[in-house]
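Paired with chain B in one complex and with chain C in the other, chain A is shared by the two complexes that follow.
Then we have the complex of A and B:
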């Protein structure tokens, strides 16, 4: 019998290495799909527009000098609770010593909590 | 010695028949091992993959329900794949023993929400003793065994307590269907928001609100108990939330048109 030719063994070895690499890659890809879904969901959940709308409304009321109107405040709070499932607290106070007007906005819809204090000298 | 030195091998004892028998034996042993151990393991893996897939699907359905409840979208339609089990709807007006799961909200003086059945969209696996339910805006999983099993919450409902204003918001989402709906395979879940109600209870001075989840048949108790622990530590599926200035109970009725 002729001498055994073992020069092709590296092909078998490479096949083995490649198949294991593909297996590991498949696991990584399946994990990343899960992460991608979670990330996109959390981006959708973030209520950026709700907060922007609320802030713009309050600033518009401030410009028109209506930020202390209780009826308007109650309406904003009710609409936010009804439509955005969010609890909102709006507070307006004035410090006569430093001549500064403070407007505090608190927004909480169970997922996003947003607090802002707007200061303006008069 | 002479042969070994020169690198040549003797092939006098080499028999093709024995070689063939040996290789055939190895192949048959391999096939036997795979059939005995590999195939059942593969099937178990498949069942597990189906359950994992359903957990994700239920979270997608939960997002649909949340979109309808909290974003004023009246209708949602999602096509999902139900494999290795059955998807069904337990309507909130179903009087059977299967549906003895309800929520109750009281304060120190009165009943705010009487016992309210909420129904569920339920997936029951056919291979593993597992039930996954979309119940009251939460995805809950019940692992059955001889002693009743335990449960866990895969995704929480949108309840929250705002400590700044002392407001507790409790959305109650009930599932309803006019017909008995069951499906397996490709399923198009069509949901419509049929009723929406919001009640506000201002408390002055602040009060303690008791929320009870009662489950006579199934064991989602542990899941809800653990969720209630995120508000106040409790050993039961009942929670007392103190210092509530205002309680908001939002009730949504979701009708499942088809599965």
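Then we have the complex of A and C:
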């Protein structure tokens, strides 16, 4: 090597900086794809719609005065056990002293557990 | 004669080349991950769309009225399934551009019969035999139904719709 040409060092440096930043961006892109997958999987696994639907059904039974009907509750409990793999318990009682009606909803499908006690004065 | 003046440029060229190859490899391998992710997001949107459509159809117009879904399940009209399909299809297949989407679906009802056993009856459409479909369901309270085998009294049934892109 007779004489090293050391002009244009900035060009060399910029070349390295740019290629390293592209490299890092590519890593971020590949990570974000994985994050999107796990997010949508967990959304699908969480039985939000089953719980919302169960709650709205029980509330509509209450509004129609049918929440004491054990036959209807048996329908929900036994169908949910087979079709949604969910154990559901629905309880209702009234407290005549405080004039309050309580409705308890318990939902458990092995992954998601939801418990609620709804109170309403009458 | 071989000229050895630009040695540093040669090294830079080799290093940049290796970096570009590694970057291209990373980008290509990450796109193969995007494919299943894409499928899951579409499933997620399909599930939400179907549940919203069923919620719309199971909401009565006014207090103590029967919802559209309840009326159709209770109906003794043999075309009740087709009527349901027409309404449901209108909700899930309409787009903002005015074109029609290509979603297909079938519907089944699961109920308890007179002996307390569970039975599932087909309400609309053929049995689905492919993969990649989303199931959405809705509890519906009905006052009885003329569908064979169903108790003719107040009961809660599970209305299930399987949706896929046709």
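General remarks:
Heads up, the rule we're going with is that the second predicted complex is superposed on the first by the 117 of 122 C-alpha atoms of A that agree within 3 Å, B and C clash if a C-alpha of one lies under 4 Å from a C-alpha of the other, contacts with A are read in each partner's own complex, and residues count from 1 in each chain.
One rule holds in what follows: a residue touches a chain if its C-beta (ideal position, glycine included) is under 8 Å from a C-beta of that chain, and two chains touch if they have at least 3 such contacts.
Remember, it's a predicted structure, so these values are computed and weren't measured experimentally.
In the superposed model, A:70 makes contact with neither chain B nor chain C.
Of the two partner chains, neither chain B nor chain C is touched by A:96. In the superposed pair of complexes, A:108 makes contact with chain B only, with no contact to chain C. Among chain B and chain C, the chain that touches a larger number of residues in chain A is C.
In the overlay built on the shared chain, the residue A:121 is in contact with neither chain B nor chain C. By the touch criterion defined above, A:82 reaches both chain B and chain C. In the superposition on chain A, the residues of chain A contacted by chain B and by chain C overlap at 1, 3-4, 37, 41, 82-84. Looking at the complex, you find that chain C touches chain A at residues 4-9, 12, 15-16, 19-20, 22-23, 26-27, 29-31, 33-34, 36-37, 40-41, 43-44, 47-48, 51, 55, 64, 110-112, 116, 118, 136-139, 141, 153-158, 160. Looking at the complex, you find that chain A touches chain B at residues 1, 3-4, 37, 41, 81-85, 87, 89, 106, 108-111. Against chain C, in their complex, chain A makes its touches with residues 1-6, 8, 12, 15-16, 19-20, 22-23, 26-27, 29-30, 33-34, 36-37, 40-41, 43-44, 49-50, 53-54, 56-57, 60-61, 64, 66, 69, 71-72, 74-76, 78-80, 82-84.
Listing the residues of chain B that touch chain A in their complex gives 7-9, 11, 14, 56, 63, 69-70, 72, 158-160, 162, 164-165, 167, 169, 171, 198, 200, 248, 250.
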